[in-house]
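Across the two complexes that follow, chain A remains constant while its partner is chain B and subsequently chain C.
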Partner chain A sequence: MSLELLSANHAAATAATLAGRANAKARGFGGGVYPITPQTECIELLCQQDFADEHGCEKGEIVRVESEHSAMAVCIGMSLTGARTFTASSSNGLAYMTENVFAAALYRLPIVMMAVNRTLGPPWNIWVDHGDTLALRDAGWIQFYCEDNQEVFDTILLAYRLGEDPRVLLPVIVCQDAFVLSHTMVQTDVPDLDTVRRFLPDFELPHRVSEQPVTVGGLDFPRETEVHRRQHHEAMGRVPAVYRECQDAFEQVFGRRPADAVQTYRMDDADVALVAMATTFSTVRTAIDAARARGIRAGGVRVRMFRPFPESELREALGRCARVAILDRDISLGLGGVLWAESRACAREGAIVQNYVVGLGGGDIRPRDVDAMLRDLLARTAAGAPEIVEVGS
Partner chain B sequence: MIEPVLSGMAQTECDRKAPLLRAGNTNCGGCGMSIALNFMSRAIGTRRVQMVIPACCGIVTAGPFPYSAYGAPVVASTFASAAAVATGMARVAAMNGEDLRVLCFAGDGGTYDIGMATLSAAAERGEDLLYVCYDNEIYGNTGGQRSSATPLGARTSTTPKGKTQGKKDILAIMAAHGIPYAATISLAHPEDAVAKFARALDARGFRFLHVLAPCPTGWKSEPAHGIELVRLAVRSGLFPVCHVEDGRRFTIDVEPDFDRAALADYFARQGRFRGTKLDLDAVAMAIEEHWRDLRRRGG
Partner chain C sequence: MPELLEIRLHGRGGQGGVTCAKIIAAAYASLQKSVQTFGDYAGERSGAPVRAYTRVSDAPITDRNKVYEPDQLVVLDPHLLGPEVFAGLKPGGSALINTPQSPDALAARWGAFTIATVDATRIAREHKIGSRSVVIVNTTIAGAYARVHGISLDVLRKTYAKLGLLGNFAAAEAAHAAVTIRPAHAAASPAVASGKPRLPDVLSLEAHVASPPPALKTGNWSTQRPRYQEQLAPCSAWCPAGNDVVGFVRALASGDAEQGATILGRSTPLAAVCGRVCPAPCMDGCNRAEYDGAVNIRALERFVAGQRGVASRAAAPSASSRRFAVIGGGPAGLSAAYQLARRGHAVTIFEGERALGGVLRTGIPSYRLPRDVLDEELGDVLALGVEVRSGRFLTSDDVARLAGEHDGLILATGLQELRGLEVEGADLAGVEQGIRFLHRVNLEGNVALEGHVVVLGGGNTAMDCARSALRCGASRVTIAYRRTRAEMPAIKEEIEQAEEEGVTLMELRAPSAFLGDGRVRAVELREVELGEPDASGRRQPMVTERRATLECDQVLLALGQSADHRLLPAGWELRDGRVLHADKALPVFAAGDLATGDGTVTHAIGSGRRAADLALEALGIDVVPFERPDRERAVPATEIRFDHFTTRSPAFATAVAAAIRRTNFAEVDPGLRSSFEANRCFSCGHCTRCDTCLVYCPEGIVRRADAGYEVDYSYCKGCGICVTECPRSAMEMTDA
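Showing the complex of A and B:
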């Protein structure tokens, strides 16, 4: 265990490297990589790693491919033949990769991908919003949104344990906010390889392609697709329970407990709730403290796991709150915020649930912006259409 | 010109008992790709292989889950991704000391068009793969649309008046990557074909094979004429049978007659060229020019 000053990009690469080395006695590690701002530093660091096992045998292969589409395809080929795999991307890179993002999940491969959330273009904008990964919400991947660098590091390790569990066998995307985390250096607790090994068992893919003359991913008739989708959906359904086991195991090995699928802040006696994801939630905490000082019983709810959608946890967290603000750093054009659209049914009946779309294109969400939303929410007698809040640069 | 009889390809015990393309496959009767797979099967013999097949007739033929008409493990990849998925598989096999060959088997759409960037990148990286393109000069699986391998004058569902462009020179493109071995394969020359499959299987590094694969459905030709069509294409010089080492040394494997009657016969036997005012003189001139280039490169 050592404390290192790492950006979240480097934290992700460091965690993936450790997970990869931990699989050296099994079938090794690898992935295809392709650069895009603000993910570049992650794959650059990965390309500098040494994956030789104790006998000097190469047990890691990072393939410098020509596109994100191929980066995921290389992960698919490696994972199908039994290796632990990692890649990273962002924004238009994820959009370009999309076909194989779906494919990876449909092959039921526990590939882990770090995504730096960045606004989709054109026009080009390199700053954070969550539209890129939320567009992949139906791709069949588990999705986590992180609030700080340590969480990025820890969630990469958790992602392998969770995704590779035979009851799950699903790919996992671990998201971090562009620049806010990706380029901010923070002291990060980095465990040694032996400790990581205790947390991550050797990866064994039950349907590994080897000598059996089977066709993987060929044709389905409707009946087979119905069954395959049902199995995929049921595996998603098992994720919350398996995730709790992973949290326990993580705490046992590393001595700190990773956050729940849904995290709360000062919600015990709250009658007003602010719901957000990723680093927006840090600002929400500050705004809640200020509101509390004014005598408002406000609390915060962070959705950390977005897929599978933690409906019951969210329902429980929102409890009896009469007013709920849902902050989306994304917009489903023609609908409103994605988080709002999926969460609004989790509030109690009759609650005023108002959507605020804020911080698009990386606009800086300040405590006073959150405070203004809170005041707006408290003044309402009914919820209205999603509000697009402009915070400027 | 040497035109072998096909008795050398009479079925053997091995062909019947453990073929690469098994009974139950859904290929059309007379499909050239089926013949290519049978040649490949013989070359593979007892070698351990894993295949990657992108979207194309060649994957549909495997049949629906959980069946597989292939006698080897197959990964059905997305359309553009065969060479990248195979890259991953070959790297993991090497990392784990497994003695096996990973091969891609793709149509011209997955090779010349949508998969071109992926293919080029894998060749440039020198991945340890054998990439086989069966070129039926059309998108067969989707019902017969043009590809950049469709020849000048051919009618397809998206070029109803005949294609106005010629086909890409895929062998030159792949040779330009400086790969250790690239070759074209004629289904009318089985010994040359099986020897090339075997050589390409044994070699290491990136290897590329281009097979002209008659498609009676798309070419609007008699299913029984497939091999004869290839023979005419070779005899006329339309389809050069050659190989390239390290992207530099071109060697001609079958010397054509440049027979105009063969050329005319080739086009006349295919409904796709009917009524498209194909100028035979222009085609003959293009062939001549192409061969001048080939010979300049040492062929």
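Showing the complex of A and C:
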């Protein structure tokens, strides 16, 4: 292991490279890539890597294509032949890729994609907003939202082990916040290839295309689709248990334990909870510390895995809290925050669950902003409609 | 160091502030600190104010906000200094500023803080760090940071090595040594802004019906400005006559042949001549040659002259008019006479032959330069009032007398000495100087040849001899040349046309004897090998002992000419184109081949023009003597954006079929029928109002104005995109 000063974009590319090389004795590695701010640095670094095995044989290729739609198509083709695959995208790029995002999952291909969360345009905006990947929540992919650079790195490796597990066989999207992580450099623990090999076994796709040409994804009749959707949903249902096995294995190999699907902060005696995803939660921690110093028993809950939705873990984490603030850096227009819409039923009956949509378009959510929301929540006698909180630039 | 050290950097897009923050972070990381570093990213381009941040701590860093209350500031651009930069700086904080000013000069405003200054821009510029237009100061100022905040040079060097920046370390060391530090002054009160500025209201998208200019005058971000700057085009730089080539071609492209003629007339009276016989160095210089073929400028010059005579009118004689004698009526003498006469001076040309023209009449065959064309341009010169005394070759006594009778004298007698060959049989009948042969053909006509004619040489005279020999009845013509075709000084098209007409080229052959009994019947040729390049850059011919004889009936020598100085009166000495007598400068100037020996019409025109200017200057008349432009200053092809131009092959006129033209002296080249070829001109260094700058300006603040464009500098950030995209290098960046 070594500590490298890396941006989270480069951390993701480095992790993908190691995962790819770890599969060199099997069916190699590849992917299609297309640049988009703020993800471009990731694929730039990836394109500079070579994927030869110890004999110098080419065991992979990153294909530079003309669009995100084709980038995912390349991943689908490569994955169908049994290769480990990776791509990265963001925002409107993901929107353009969407048809094949669904296809990858419906083919049950454990492709890993790093997504840098960026506001959808127009008008154009390059800063963080979770709406781009949350729009893909029904695409059949496993979704993680990361809080720091090391977590981005670790989650890429975890994603391969989890998605490639024969009980799962699902693609995984690993999300990180635009610029707050993607372009921020911190020391990142980078393991060596042999260690990564111990964590990632050779990938074997049971339904891979072999010597005999076949058509994949032809036509399903209603009866078949019913079964395929049920199978897909059941595989999602197995993810939490398999993820816990992956956490154990990861800890055994690398000596640190990746965060749970739902992570808590100072929740043991909390009677007011703040729920958030990704780096917003870092600021939530600071605000909680300050509130605790004022005698308020506040705690935090971070939803790290958004699909499959960790309903029981979230219910357990929120426990008996009477007041819950759910912070969304996204908005389902005409409804409210997506995280709020999905989690509000996890609070105990009678709790005041208030939604704050904050930091849309990438404004810097500061501790004082979170504190203001906390004060608003504590002053309420009942939950109201979702609040859109403006934090400026 | 505080528990959590927060550093904020202020710079402009392109100065490398984000990398500077990274260097600082990496240095602390190597000191076993936890670090975090990031920049503000935006849609802004070069020149926009940019912030970058670095946090340093002994504990893991979990704060993911921007830095609002820094402990330290680093300011890469002194023009940014103001309340916004110092906003939130903690009491006791420090600011490192890139400026030539001393910290004391800034103390009045910011003296409550530790102020350190260093002229990183100068140091970075001295170490040549950055691009052609922008000096990049990040790696330099980081050296000053290390000094101010106690990071050792050793740690810094290792950091630069790890980041692959060692090439810039010398500049960092220089800044480390040069930085000046002024400790905080307790008495001073901090002048920092507090509170969050109120953000402007945001209109709804439907309300954005108009697009008023934003109140933010981004022009004050700029350190550089674009400017429309005419630059020297290579065609003009390469023209020995000093023609404004790009000017007349552009005039043609805009459909104004009149204007093209006026432009040419400033520098030459002989456009119809040069449009036919010039070797066209302008086309060698043409940047389009690097793309899809040089513009056929020679043909365009002929086109202009075909529309209207280029010679300008004479100024009226005045009290300041002087009298000049020009000796020699060739292109140099004609050019000198033209330049003098059009300024209203009285000029008399003395020509030995019966008619004016010099080599244009005696040397160049009429199939290249029809005599009516020549006579018409000569007539235009004479129409300025130039007098001619012809038909008598002068003696040195005549020259001395004429010098005394005139205010100035131009000697333009050309190259009268013909290079011979001192080998066995050189005096045999049938061995003749090519120049004499051409003289006979051109002035007497009806010269008949028969049998096999061998021409020795590789210049234009050799080609003229060979092709004239065919037209005079030779059954076969062979050119023997001691180098290869590639080294032939003749115009490429002349060589090609000679071959088309049936002339045989023998390369690498040098004559060593002429054989025959009274009359030549064979020439002995030795094989030549090429050795090392000589002073002219051409490979030296090395004559071997391998020899063969080539039977022939006539030999024409085209081996070169040199100046004949016998015309100079006793005691006169020619030095740098000026005649001296007993070290005293006389008002006598040499022009053309007598002065320079360059051997082309275009050189002669430029030389005659310069001699005329010098003669006027010597009389105290206010002129700026013509000087050949410096080719090094011309816009190089690398500055032309080829991708703005669609490829189109050059236009050439279709010559008369070889089988027909070799039987007579009618003009071979019919010339272009239109001036469409002028549209291929890149217009190097000369704005054509193509709108590329306007289209590419990301701010939309380049606007059409009467003469060209105007840039709204109150919004121009100095990003340089207009300059980068200008297809023809007619713009440049300058300091704001």
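Of note:
The rule is short, and it goes like this: the second predicted complex is superposed on the first by the 389 of 393 C-alpha atoms of A that agree within 3 Å, B and C clash if a C-alpha of one lies under 4 Å from a C-alpha of the other, contacts with A are read in each partner's own complex, and residues count from 1 in each chain.
The rule we apply is simple: a contact is a pair of C-beta atoms (placed from the backbone, for glycine too) under 8 Å apart; a residue touches a chain by one contact, two chains touch by 3 or more.
Source: prediction; values computed, not measured.
Applying the stated contact rule after C-alpha superposition, one finds that A:Asn117 touches neither chain B nor chain C. Of the two partner chains, chain B is the only one touched by A:Glu211; chain C is not. In the superposition on chain A, A:Glu61 makes contact with chain B only, while chain C stays out of contact range. Counting the residues of chain A that each partner touches, chain B and chain C differ, and the larger count belongs to B. Looking at the shared chain after the overlay, A:Arg27 reaches chain B, while chain C stays out of its contact range. Comparing which residues of chain A touch chain B with which touch chain C, the overlap is empty.
Residues 27-28, 30, 32, 57-61, 63-67, 69-70, 73-83, 85, 99-100, 103, 209-221, 224 of chain A are the ones that touch chain B when the two sit in their complex.
Interface residues of chain C, counted against chain A in their complex, comprise 22, 25-26, 29, 34-39, 41-43, 61-66, 68, 196, 199, 205.
In the complex of the two chains, the chain A residues touching chain C come out as 3, 5, 37-38, 123-124, 126-127, 148, 179-181, 183-187, 279, 282-283, 285-286, 364-367, 392-393.
Chain B contributes residues 48, 50, 52, 59-60, 62-68, 70-78, 80-81, 83-93, 95-96, 117-118, 120-121, 125 to its touches with chain A in the complex.
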